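One structure, as structure tokens, below. Some questions next.
Per-chain numbering from 1; labels A, B, C and D assigned in written order.
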């Protein structure tokens, strides 16, 4: 029960999914749609695990008064408040103008967008540190990135040459490398899927 | 530590400062930047110019607030162009947030004096049919029946009652489709499920990250043209003769790009200079 | 009124996150904790209404009892919280992983393996079009060398190693291009925030 | 009298004129309308084909579209099922499979079709088609190429797994990122600081995530031996559960089940940038000596990696998300590129069966290379037959 059944399930449903790819019949299609929905439902229940973990971790920090425990209180308040205003009014909480959506609009969205925009700074500092012509590979990376970035900088007569080069890089070597990468990933993923279905790859299931 | 060595180990906060200034300062200036309209954007403009006034264009808004800085100026410039040319706009969204973004863009466009004079009317000059679940299936279904796919508009009116939608049954009654896309579902789905089977005329605006992935469809002729990121948006604004947000932002873009390139170059200079010293 | 207060709060939080660029500080920590808590609550409530209700509750209410299977496996998943019977949750895990493994097997093989191969098959000689001929030739050679680079069971030596080396060069060109291309997207995000601060909040720019 | 004659004449002329200007000539109808079951489907679709109206693109050139009509009775009322653009001579009448759906098309029931050639204001209808019913198929003939691929690849894999099990030694080339793992763990131990392991934003069933679990299991075993704490902030609840299982098992295997701390593997939030904010905080406050980023990563990759590099940690990264690899290369010390991430589990485990599939992957690549070369030649000399082998019908 502990060991064999999970692997029997993995192999069973795995092969069913493989076979249904080749069988267009209605019966197969229906079971396929059901399984996808079941997985989504399982994910919904698993949310509770996450919520539990987050709450317990915060409570622990507060109880033990670990450094910065005050911030855990803030996180907890934010969480509980959003759960109340999000669940209690029913589905109406998702309508624009509700307290839930106001919090989303004026707290979540701006912080989210600002976190995202930090990338503008980090991309610059990462470029400065990493783009040094130390090795051939680093030089290639650097030159190709420079050519692409310079297409936005007015270079006078050189601009059209650079434009052409940037376009060439995007449509030719870039395309070739991406294809090789994708084909490799495709084969690697296929192999991993096969290993899972055969029960060879099983670390994700733990061991006892 | 010599100056060069200090330069190599520069505190990244100095770089941050430069980027912040380079991005913010140009926002306060109006500089006429020379922006060349590339053929891939010009194609879009020419195709639009060829439409007679009164043509019906479909605008599919397939993005959310995350891509707003890049795609919102494109939505605005397109809507402005359509209103001034008297093209009738039908707005839909494959992303739940798309129609909301469209409303924000409309609000912005109506502030424009020229547009105000034209006074576009809801239901006659433009409609917003909202969002429908189904991703690429929506694109496919519209091929046979648009009112059935979007039975009600964004505000709950019956689609069939809208004057603009009279006689609009499917893609045969649509003269041009414009798609603003930040990923899935987006341009790819429009090409596969609308251009290939129904031979619609399609142009697209994409985020800079997405754009290179759809360029091949321009070469193959399935796509009229693409606006790639903010630069594509700026080129379109220049082409239509109404420079707006994207053009304004392009100055900041140019300066920040130049700053990054400059830092990379002096970084390399310092690196080689210090290495030479150590070598000798 | 609500909007004005909202914009002020949003602007202050924006500054709080930006302050992290200088260094970690209590203001940032406050924003961070608030963000984590609010986002988790938002995520739970929206998923509950938009996924859990239609996929499970509505289906059951409509008499589609087959959906109870998803519910049962979902509850089994929660047994993890009880160490003694926690192992039962593996059944749910097995269902999830098994289903997707079966799906991915063909999906990756087709869309990554076969479709990409098909797209790369192109005529090397295009009569009367030298740039196209060169372009196609470089794509085919680049893809070939790139694939050689990803060989694991053969030592990268001699001619083979040479191909692999050219392969990684191609890959680096592509990575450099992606990097350079992304800069514009990321700057756009920053400009969006600055526009909010200077325009929407302070009204300094139009 | 004369007046009346003139009036009549005028009226006559007027009617004539009106007739000329308002009646349009009807196009000729399409012919040979045939209906048959749509192949390779679930059994709720019928394909209709016809011969174009002689006025479509030729003749009067006034056909703009075709309307396809259906009825279950050849004499009964027909309803419009769809439209095809002019020039098109085929239409799939796709119905829904659910009885409750408005668009339901029952299988195993006869239907009749008519096709209407539409001009601007008029139309012409074809004869009624033969009866046809829809039924589902047991095999999708368009997917034969895929089936061959699946069989071929599985055969390679099974052959090499078998070979490896028999004890044949298989060579694998070294990967810098993998060799650095031990060193990175060692460094954390020396410094007495924790290790941060980030599985990324993928769900537990994604291939990249599963590859990451396998690597995590080796890393956790080492940290158990060295008694170095390992922190795993998670983005997904299921991933958290699996990570806990994996690490617990690894500690058990290392003979130190008591050192396992479940609270070190915890959930942060399932929203991308909130998760990043949380992890940033952990990096700056716990100061881990080593950061692993292995799995599925999106735009957050660079924020994480840059923050980690400021904190001075050794960083090992790997993902199959091509758009993020450049940032990992720029900001971390070692990067596993795409397929290398999947291969890493085989490297670390050195288990023969895992190495066996690696060999199969290589053979797959060899096959692709051969097809590429043959395909390029075939395309250059226009051998359509060979090119069609790769066409996949979806």
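Points to keep in mind about this one:
As a convention for this text, a residue touches a chain if its C-beta (ideal position, glycine included) is under 8 Å from a C-beta of that chain, and two chains touch if they have at least 3 such contacts.
Since the structure is predicted, the reported quantities are computational estimates derived from the model, not experimental observations.
More contacting C-beta pairs link the chains of A-D than the other of the two pairs B-D and A-D. With centres taken as mean CA coordinates, the chain nearest to the overall protein centre is C.
Set against the C-alpha centre of chain C, every other chain centre is closer than that of B. For the pair chain B and chain D, the distance between C-alpha centroids works out to 25 Å. Between the Cα centres of chain A and chain D there is a gap of 15 Å. For the pair chain C and chain D, the distance between C-alpha centroids works out to 14 Å. Centre-to-centre spacing of chain B and chain C amounts to 21 Å, using the average Cα coordinate of each chain. Annotation for chain D: residues touching 2 or more other chains are 146, 150, 153, 204-205, 207, 210, 238, 241-242, 245, 268-271, 273-274, 277, 285, 322-323, 326-327, 329-330, 337-339, 343, 358, 361, 364-365, 368. For chain C, residues that reach two or more other chains under the stated contact definition are 17, 20-21, 29, 31-32, 35-36, 38-40, 42-43, 77, 80, 90, 93, 96-97, 99-101, 104-106, 108-109, 113, 117, 120, 140, 143-144, 147, 150, 171, 175-176, 178-179, 181-184, 187, 189-190, 192. Contacts with at least two other chains are made by residues 12, 16, 19, 23, 209, 212, 231, 253, 256-257, 260 of chain B. Put simply, chain D touches chain C in their complex at residues 145-146, 149-150, 153, 170-173, 204-207, 210, 238, 241-242, 244-245, 268-271, 273-274, 277-278, 280-281, 284-285, 322-323, 325-327, 329-330, 337-340, 343, 358-359, 361-362, 364-365, 368-369, 371-373, 375-380, 382, 387, 390-392, 394. The touching residues of chain A, when paired with chain D in their complex, are 18, 21-27, 29-30, 39, 42-43, 46-51, 53-54, 56-57, 60, 67-68, 108, 111-112, 115-116, 118-119, 122-123, 125-127, 129-131, 141, 145, 178, 181-185, 187-196, 200-201, 203-208. Of all the residues in chain B, the ones that touch chain D in their complex are 12, 143-145, 169-170, 172, 198-199, 209. Chain B makes touch with chain C in their complex at residues 13, 16, 19, 23-24, 27-28, 68-70, 207-209, 212, 229-231, 249, 252-253, 256-257, 260.
The touching residues of chain A, counted against chain C in their complex, run 2, 5-7, 9-18, 21, 34-52, 54, 68, 71-72, 74-83, 86-87, 91, 93-94, 100, 102-121, 123, 127, 136-137, 140-149, 152, 168-187, 189-190, 192-194, 196-197, 204-206, 208.
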